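The following blocks contain the structures, represented as structure tokens.
Each of the two complexes below includes chain A, the first together with chain B, the second together with chain C.
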Partner chain A sequence: MVRTTWLFARRSIVAVFTLLVLSAVVYFASRLLPANPARAALGKTASAAQVHRFIVQQGLDHSALAGYLQWLGHVLTGNWGTSLLSQSPVVQLALPRLLQTFLLAVLGFIVGSLIAIPLGYLAGARADSRLDLAISSGIVGLAALPEFVVAVALLVIFAVELRWLPVTSGAIESTGYGNPLLAYVLPAASLGLVVVPQMARQVRITASEVAREQYVSAAVLRGIAPRRVALRYIIPAVAGRVVNVFTLTLAALFTGVVVVETVFGYPGVGQLLVTSIGNNDSPVVEFCVVLMGTGYIMLNLAADLFVIALNPRLRRTGVM
Partner chain B sequence: MTNPRDFDMQRAAGAVDLSLSRRPLEVSRRSLLRAGFAASAGLAIGGALASCSSAGSGSGSPQATPSVKPRRGGTLHGVISDSSSLNKLDIAYLDDTMDGLTHGLVYDWLVQIDQNFNILPGLAESWEPNSDGTVWTFKLRKGVTFSDGKTLTSEDVVWSMQRISDPKGNGAGLAIFQPYFGPGNVVAKGADVVQFSLKRPNFLFPQVVACAYAPVAQSNTTNWKNPATSGPFIVEAYNPGVAYTFRRNPNYWQSGLPYLDSLSFLTEQSQPTKVEAVLTGNAQLGDAMDASYNHAFLSSSTTDLLQAPGGQYPVICFLYNKAPYADPNVQEALRLVTDRQKMAQLAYFGAAQPVADIPVPPSDPWYPKDFPVPAADPEKARFLLKKAGQSGLKVTIYTSPFLPGIAEVPVLYKEMAAKAGINVSVVDVNETTYLSQVWSAKPSFMDIWLRQSTAILPPLLFTPRSPYNETRYPNGDIAAAFASAFAKPNKSDQQRLIGDALHLIATRTSEVIPCYADFTWPKSKHLLGITPSWQTVVDLKTAFLAS
Partner chain C sequence: MVPPLLRRVLSYREGRFGFALLIVIAFIVIGGPFIAPDSPFATTGIPLSGPSLAHLLGTDELGRDVLSRVLAGGRDVVLLPVAGILGAFLLGGVTGLISGYGGGWPDRVYTAVVNVALSVPALLVVLILVGVGKDSPAVIVTAIALVYAPGIARIVRGAAQAAGRSEYVDVARLRGEGVTSIAVREVLPNVAGTVAVQLALSCTQAVLLLATLDFLGVGAQPPSPSWGLMIADGEQIVVLQPLTLVGPAVALMLLALAFNLLSGALQRAVAERQR
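And then the complex of A and B:
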């Protein structure tokens, strides 16, 4: 328990430092971008005087270091600032979208897990069988498909041709475009399918290894029923070994939903982030990146804690 | 296939232009509007000048009256790509299609404008200039109320006009208003009279206050998230870049309007998803899209296109202050290599009209009569280049994929120019780089403009210190020619002098305008009474959903 607490404290300190570095890199990199937020906000027909006034009003005439320190000072007092372009408070603008993106990532993770775990287990427990070959081939095929192809294919089949599901995820935000709950299905399914190959392969190889362990062979030789061998010996061992990879997959999902959000018009943070980077709207970018970075770091930490919890040897040796 | 009965209903409703209903069209998107907003359209050439300039009065609506009896009620669902988290309800702000659409739904203008640029009554029921066109007096209609119950007065109009013309503000239309009036030039004369004392005479001044940038809000509005408004609809929910909901204003001053109970718009930046949303009936209206989708809408039994000529034009700009583009021989050579008919056919699938390097479509009431579109003459171009000492001229045209429909124009131009020995290379840059480092900065670049009144856009493009002057045209001759036209009270004089000014644009400037592209939006066949508007993008006051 003490080691776990120490691990958590140590990781938290590293996380804060990492986030500071991350925010600094993002801020200074944004100063190198050619985009001019004044032009983005005012349009091309704004006069030079209007552009200059905007730059002064928004403090964009300060040096990058002064600007960063000012931003950091505000953040430490809980003020994330306002969007340079929309003048809306950043938290009000981005937080609801971040939560929607997080929800989508979790749903995608659940879909991916529900597909990947049985497939990977079946293939791994019967390694080199025809079933394994069939499943592995399917997974390789799925892995070859980019996110947008999967998303558009699902859209065409289930929304356009069969018309079972709404075309746009806007139904989540507004009535009249279909059942809001159904609007989550296609984005979550697309995202889930995208991570199935990675998760299924990890389960397969782990299950294959575990199935060859001596204690599993011994259990089989003792005449224990195959189902009980699977539930009692193989699956717990596989779960302990893949939880780390699965948690990191969730983190990757959280940061990689832009394409799916775009295809389905999902009201997440992806489009906002891309637009804000394009327009050099640094307060919005900083908020999104820092929050997503925090989420990523927390999930990494959670993965480590899961591994420790599931592997008593690590708790004793303190290798983590 | 199109149901003939439905098609007739739409034709009656003014929603379909038969001559163009089967022609595909290229797009417009968010950045395009940001690049110079003003919604589009003009359905036909009309003798519309009559009420464009001088005093007027009445109570009519600019919309065509549908012969099909409009049905009350229902909710219109729309999907809009050209929409973003930057959207605002502030009258001084206008960035994209959703802003234009929203302003048109919730605000009113002093005057309305129809598709032929006729000025019609809006909040003002009558208006008149003084004898030299320097003072315009607008008499407001009585009984207009805001959504909070307050009655509209001249103070509201004065405050709104001051806000949009404040030189210290960031008003999107500042460059349009500044030549004519600022905050000190607008005064209330009693509760229902507003007077503009213009900086220079303009007998076409109602065109200026009819532009998309001049809606009227309640005076001293500070809460732009939920302002009191007087338009046909009231904001119910406003989530920029995500979803927008409006409900009917039961106290709207135009009796009987609007027909729809409510409207709901979603931001849908994926074009395929937007297209499918309309095709599958999830939505009844979408904004501009790629021409490649047109056929799908025309061949569906439930959808068609809202289409009109004269929506936007692409322009190849050459900076006048960069050698050799100030040389008249080079300018003429650059124009002469252009095969305009081919450009309209290939770049816009035929949904465009060739023009003679003027920012006015042939369907416009001010388009000069007997203004021939020049034929391509690469041999003469080659001769002129030689005369200018510019044989084998090398040109790099910068463009951006965010400028829809014009990706093909510089590529086609490259092929055409090669016949005259001009070596053109085309460079693509992204949107943000384009605005900050290409537009009006590189010696040659592409741009696109949405249609605005001929009384507004062409003069601004060639006024030396105007921010619209993207080619850095240094001479005041064109602006002066327009100014003298606008100072004439007589319509025939205005028409003649505007023609002269447009002729100067066609012959003295360093830009090539090969064609003027159409306006196209996908819609359900059941959505009738909707018309393109160059004040509010589309006019939904008279829209209704047929059963």
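And then the complex of A and C:
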């Protein structure tokens, strides 16, 4: 029990450290990469006085390290600065979008699971059959496509050509026209398709392994109907691997969310990040990256800890 | 050592197909700008016109020949990521090789650093670096190198560590060979298979990552004929002239397919060789 707590603590400390590294990368990139960060942020029309005020305000006249510590202090006390474009507090801009992005990620994960798990199971339980070959080839083909191609393809087919679904999610929110639920369909479907290959592959491998296990053969030989064999023997074993799959798909989800939100104009954090980059709105960019990075690292940590809690072998030694 | 591996890769159907695709893509990337009928930046036709003899894929919203732009855009899509991956190999591969073979406490420190670097989400790092540094090629190459180096470092280090413990290395050491000599003549050839697979996989990911960046508007800027950028622009006018979207999309998908098939075939070839 003590060992488990110590393991938890160690992983958590590493996670916090990783967060600090990410925040440092964000700050130093913003600070050191542009030739003149103040100019880059304020634009060509700003006066020298405005530039100077910006420099002092952001702590740019101090060294990079001092600036980083000052910025970190601001961040930890909740002072995230104001958007250079809209002059509103960054927190106000980003937090409502966080809920939307989270919702999209969850929906995407659900859609992806609904497609990937049955397909993967069918392919794995009948491994090396023609069905398996067909499904696996489809998965490889889907995996080869970059996320934005999948999203744009869905957009063009369903929204532009067939006109079944709305093109932009943002328009429904702002104009109040159209069924708001429909706005979620295409983004969730796109995101789901993005994560299907990885999930399906894992489910397939697990299903084919378990199907070959002796206790399954024994059950079949004993005369238990195939469906009952599947339900009571194969599926519980597969479920154990689900957490592992979750961790792998997390990375794909985070990348996918940024792309899908941009393609569909979905009002989430990812879209805010991309448009702020285009606008050189560095306070917003910094906040979004740190926010998303924090989410990613924390979720990974949670999955890690969950796996440790589930697997007694890991609990004892810390390794498999 | 390389030709037998290549022969085995080509013996698989996916290897042959991927290799054939790769030849086609290489032709487009290297020779594209030379065989293109028009300059990718010049307005040579009526905007948004469909396919014709003068413009096989039609023209885009500014009247530029779509086919020429697709042929010219291959360079932007492929060269920078590949350069970035080579950089990642120099950075991660060399340090991984040394650390894995050497061992000891420096190796443990190195592993910890690499693990932390790996848990930082890649796209976010690239977005912030390229988003702030804009589309300077140096920034893009460096960003890609930094992001893929840890993954490569971990693989190479593992392989180097395994090779360092094997018998032929012990024999070489007993023969009195120096550390560098052992590293180059015994460890490196046996690590090369794994390294080749990782190279292929990383290149695939890096090319798609850069295409995604271009699409988001964070990487290449107009009027660059990068395929990702063309897809983003083409999406706006897909109803009027779908080929502006379909042309670069198909090219990109063929490229991704080629890389994926080859990576898969290479993986199989290396795995079977080690059995």
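Keep in mind that, in the parts below, the second predicted complex is superposed on the first by the 244 of 320 C-alpha atoms of A that agree within 3 Å, B and C clash if a C-alpha of one lies under 4 Å from a C-alpha of the other, contacts with A are read in each partner's own complex, and residues count from 1 in each chain.
Here, a residue touches a chain if its C-beta (ideal position, glycine included) is under 8 Å from a C-beta of that chain, and two chains touch if they have at least 3 such contacts.
As the structure is a prediction and not an experimental result, all values here were calculated from the model.
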Partner chain in contact with A:Val14 - chain B first, chain C second, else both or neither: second
Classify the contacts of A:Ser30 with the two partner chains as first (chain B alone), second (chain C alone), both, or neither. second
Touch test for A:Val160: chain B only (first), chain C only (second), both, or neither? both
I'd like to know which partner A:Asn279 touches here: chain B for first, chain C for second, both or neither. first
Counting only touches as set out at the top, which of chain B and chain C does A:Arg130 meet: first, second, both, neither? neither
Which superposed partner A:Arg222 touches (first chain B, second chain C, both, neither): neither
Who does A:Ser86 touch here: chain B (first), chain C (second), both, or neither? first
Considering only the touch criterion stated at the top, classify A:Asn300 as touching first (chain B), second (chain C), both, or neither. second
After lining up the shared chain so the two structures overlap, which partner does A:Ala48 touch, if you call chain B first and chain C second: first, second, both or neither? first
Shared contact residues on chain A for chain B and chain C? 33-34, 40, 152, 155-156, 160, 262-263, 278
Using the touch definition from the top, list the residues of chain B that touch chain A in their complex. 34-37, 75, 77, 79, 84-88, 95, 167-168, 170, 172, 174-175, 237, 239-243, 245, 264, 266-270, 272-274, 276-277, 279-280, 282-283, 430-433, 435-437, 439-440, 467-468, 470
Show me the residue ranges of chain C that touch chain A in the complex, using the header's touch definition. 115-117, 119-125, 127-129, 131-134, 139, 208, 211-212, 215-218, 228, 231-232, 235, 238-239, 242, 245, 249, 252-253, 256-257, 259-260, 264
Touching chain C in the complex, chain A uses residues 14-15, 17-18, 21-22, 25-26, 29-30, 33-34, 40, 140-141, 143-149, 152-153, 155-156, 160, 251, 254-255, 258-259, 262-263, 273-274, 277-278, 282, 285-286, 289, 292-293, 296-297, 300
Please give the residue numbers of chain A that touch chain B in the complex, ascending. 33-36, 39-50, 53-54, 83, 85-88, 93, 97, 152, 155-156, 159-160, 163, 166-168, 170, 173-178, 262-265, 267, 271-272, 275, 278-280
